[in-house]
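So, here's a batch of structures to check.
Here chain A shows up in two complexes: once beside chain B, once beside chain C.
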Partner chain A sequence: MANLGQVAVLSGRATRQSLRNPQFLAPVLVLPTLFLIAYAGGVAGGANLPGFPAGAGMFEFQLGGDMLLSAMMAGVIGGVTQVVDIQSKFFDRLLLTPTSASAVVFGRLVGIGMLGLLGGVFFTVIGLVFGGRPAGVGGVLMMLLLQVLTAMGFGAVTVAIALRTGEGNAVQIFLPLGIVLTMFSSAFFPRHLLLSPLDTVAAYNPLSYIADGLHAPWIGGLTATVAWRAVLALAVIWLVGGLLCARALKHRAEAG
Partner chain B sequence: MSKAIEARGLTRRFGEVEAVSNLDLDVGTGEVFAFLGPNGAGKTTTVRMLVTLLKPTSGSATVAGYDVVTQAGQVRRAIGVTLQELSLDPMMTATELVALHLSLHGLGRDKEAAERGKELIAELGLTEAAERRVMTYSVGMRRRLDLALALIHRPQVLFLDEPTTGLDPSSRLVIWDRIRELHAAGTTVFLTTQYLEEADQLADRVSIIDQGRIVAEGAPEALKTEVGKPRLDLRVESGPADVDSILSGYGQVVRGGGDLVSVSLADEQSDVTAIIKALADAGATVRSLDLVRPSLEDVFIAKTGRRLEGAGKDADQLSVIAGG
Partner chain C sequence: MAVVALTRRALGDIRRAPAGVIPDLIAPTFLFVAIVGMFGRLAELSNFGAEDYVSFLLPLGMVQAAGLVGSGAGVNVGRDVETSFFDRVYLLPIGRGAVLLSTAVSAAARALLSVLVVLVVGLAMGSRVPSIGGLLLALALTLGFAAVAACWGVAVALGTRSSSAAPMMQAPIILLLILGPAFAPRELLAGWLQPVATVNPVGHILEAVRAPFVGSATWDTTWPGLLSLAILAVLLGGLAQLRVRRWSL
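What follows is the complex of A and B.
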């Protein structure tokens, strides 16, 4: 059982590591902001389509998608920083302490979650400043929680790849891949308004359900069904990420 | 003497390559043990297995009485390690790194440990830089900080994997002094190095590893005595004397370039004065003489048939006596 105090210390260090490197913050804050500007402005007319969520503009809808993108980018950055630690041998130094390897990795994941939270707070503030009105404190808290858990879930996948390969290139491929995966979901447009076969792909893409959970507080329609589907989708990502991390750690211990 | 480190048949393969082969090791508690060998000999692989970073392919090892595979957590509590490559986060300060390590060793709220951290930073000359990020440090400063982090929890066994590689002489001396202090305080030190002088200066016992196998082990003096006798190098103006004939009465004579002549001595107690007198009596003039003792380089050559690459100037300054 990991010592929670040690996990907290490690996550604090992981968070500082990201905050002290501006290049790690850009994908989490700047990239989704550019998407927000492009989509909210460029396809604003889409909000007039029949079936678009009533009472919501494209800006409010895009906020959820950009929060998802931001959380995924936080996950990718988590993998990149893990590679930095591996290549600088600082990861070895952490493993040489009595702290278990799983606690070291979990500390990293919590740090990724904190980066995700930063993105969540950033886009919540942007939304509020530009007229968005989320569904109460509960809605905001749910969004932020989803943001943190999404970042950690994707972080588990990228950290596992980092542990397995130790290569920055292997992790950085998730940067464009994350954007593509988000595009093939309902993150930036309602699923029922997508054309075939994109609507079918989006239906099977777990990101769509997480995106729905992030959209709901901004556009209305926050229901228990939306919430549990988001949690279920996250559970799938966490399960995959967790298993990959466990296997990667085992491989690392044996291969050195 | 109780054993701080014990390995039996320790082997590590990477695919077809056997990096460490059937290694047996015994390091006594409180001993400074030097693991000497060229690059790629298997030193670092051995250290990584002993400090629990790498699982052996076969064989077993204990450190501070704990099995490195089944009791890895206890081993890590008992050891301090500096790796060959500096393992520091360049974006953190020394103070932050010290605090992080104290926390990870369960000493985060231990005021005495925190004080010790400050003292270590001061003793290693890093107080002024303690609040600066490590990225601004010189290599020597980073090495010293690395050592401070390895010592912060008062380890029973300290592993130093080439701790002075790439350091300037003054930084190297700081590390050497610290190792001597630790030795005096009873800490077991497992030191890998490619510097012969380092092993000679610091170690109670030396083990020479080459191509994954131990080729010699023992106290430095014993190893040196085993492979060679001391030698007297003389530069002589012969005059009427038959120098070779005179010297051959004291040991085997070898002619070098010019007027250099060497005679191997039976032991260090040989009467050098008698040799000088015999030469003078025969009319020869001794212009210079140098008593050359066997070195660990000689041991390495005797055991492997080649020089220790990477030994650098240390090796170049040491003369070679091959064989007995």
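What follows is the complex of A and C.
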């Protein structure tokens, strides 16, 4: 069982590690902002398509997709910073202390969650400044919670890869992969308006349901069904990430 | 002679490490296919102005491939700086323009490969087949854009003296590309983006490349693209050449 004090200290360090390096913040804040500019401005006319959420503009719709992308990028950065710790031997030195291995990993994941939260707050502020009106405080809190949990879930996968390989290249491949996975979901356009076969792929992609949960407060479609589907999709990602992390941690401990 | 030798050396990477070319082929093709799937329904709008979305988007895929590969040429120049190869070339009795020209020519040649892959995939997905003249015009403009993007990549590489500044080389090129009629015609862009698209030279290049795919290329559809390409060549080529001339060992 992870010691909460140890987790708090390690997550604080992980958060500062990301905040101190602009190259770690750029994928979380700048890249999704570019997507927001490109799609909110470039396909604005798409809001006139029959079947597009009534009363919503393209800008509001894109906010949810970009929040998801930001959370995914926070997860990738978590894996990258884990590699930095492994290559600098900081991780090995931590394991020699009385700190539990699970606290080390969970501290990293909480740090990733904080980076995800930063992205969530950033895009919520952008949304509010440029005229978006989310569904009340509850809606905003739900978006931020989804943002944090998505970053941690995807971060668990990248941290597992980092623990297993200790190679930056193996983790950095998740940066384009994160973009690919997001584009193969309903993050940037409503699922029923995607062309085949992308609509079918998006239906099986758990990110679509998290995206729906992030869209809903901005476009006025927040329902219990949307919320539980998002939670279920997150549970799948957390289960996969958790299992991979546990196996990778065991592997690294055995390898010494 | 120096340009030929330096161009051959730059293209030698393809022969020595062909795996390095794979991302240049996959990334633009993937983006093209994914965007068609995401926004294909836009073509159903009455004021879209093109028969189908694949034909409309294929030129963006081609220009995007050219921009990514072209600006990425700066990475190789950055690597030459890091290994001091650039210093050694600088000491040779060759014209300063040879360095930049060879990089631009080799970038255009590399981009041709990526552009052709996107073109073949687009045609296989049902894009309208342009006339031979229209296709050659589109390819010429696209490769010209790759050369111009390479100038920017060189300017960044010599400014940062690093090969790891790839995002600084590629992001502005992509930003210029998307701040225009990239995914939809001008009339369907958001209000704030329309004036930006009007003054954005890359948007005019894209529209000139697009014309033979969605209709027919005429002088009226082509000259703004040619003029924009010339302006970018002067500005970015001039900037890169300035960096080359002012290079200090």
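Odds and ends about this structure:
Going forward, the second predicted complex is superposed on the first by the 256 of 256 C-alpha atoms of A that agree within 3 Å, B and C clash if a C-alpha of one lies under 4 Å from a C-alpha of the other, contacts with A are read in each partner's own complex, and residues count from 1 in each chain.
Basically, a contact is a pair of C-beta atoms (placed from the backbone, for glycine too) under 8 Å apart; a residue touches a chain by one contact, two chains touch by 3 or more.
Please read these numbers as outputs of a predicted model, since none were measured by experiment.
In this superposed model built on chain A, chain B and chain C occupy separate space and fit side by side. In the superposition on chain A, A:Phe90 makes contact with chain B only, not with chain C. In the superposition on chain A, A:Leu194 makes contact with chain C only, not with chain B. After overlaying the two complexes on the shared chain, residue contacts for A:Gln17 are found with chain B alone; chain C is out of touch.
In the superposition on chain A, A:Glu254 contacts chain B only, with no contact to chain C. After overlaying the two complexes on the shared chain, residue contacts for A:Gln6 are found with chain B alone; chain C is out of touch. Of all C-alpha pairs spanning chain B and chain C in the superposed arrangement, the closest lie 20 Å apart.
The contact sets of chain A with chain B and with chain C never meet.
Residues 45, 48, 51-55, 73, 76-77, 79, 81, 83, 85-92, 96, 100-101, 103-106, 108, 149 of chain B are the ones that touch chain A when the two sit in their complex.
Residue ranges of chain C in contact with chain A, taken from their complex: 27, 30, 34-42, 44-45, 47-48, 167, 171, 174-175, 178-179, 181-184, 187-190, 192-193. Residues 3, 5-6, 9-10, 13, 16-17, 20-21, 85, 88-90, 92-100, 253-254, 256 of chain A are the ones that touch chain B when the two sit in their complex. Residues of chain A that touch chain C in their complex: 26, 34, 37-46, 48-49, 58-59, 176, 180, 183-184, 188-189, 193-195, 197-199.
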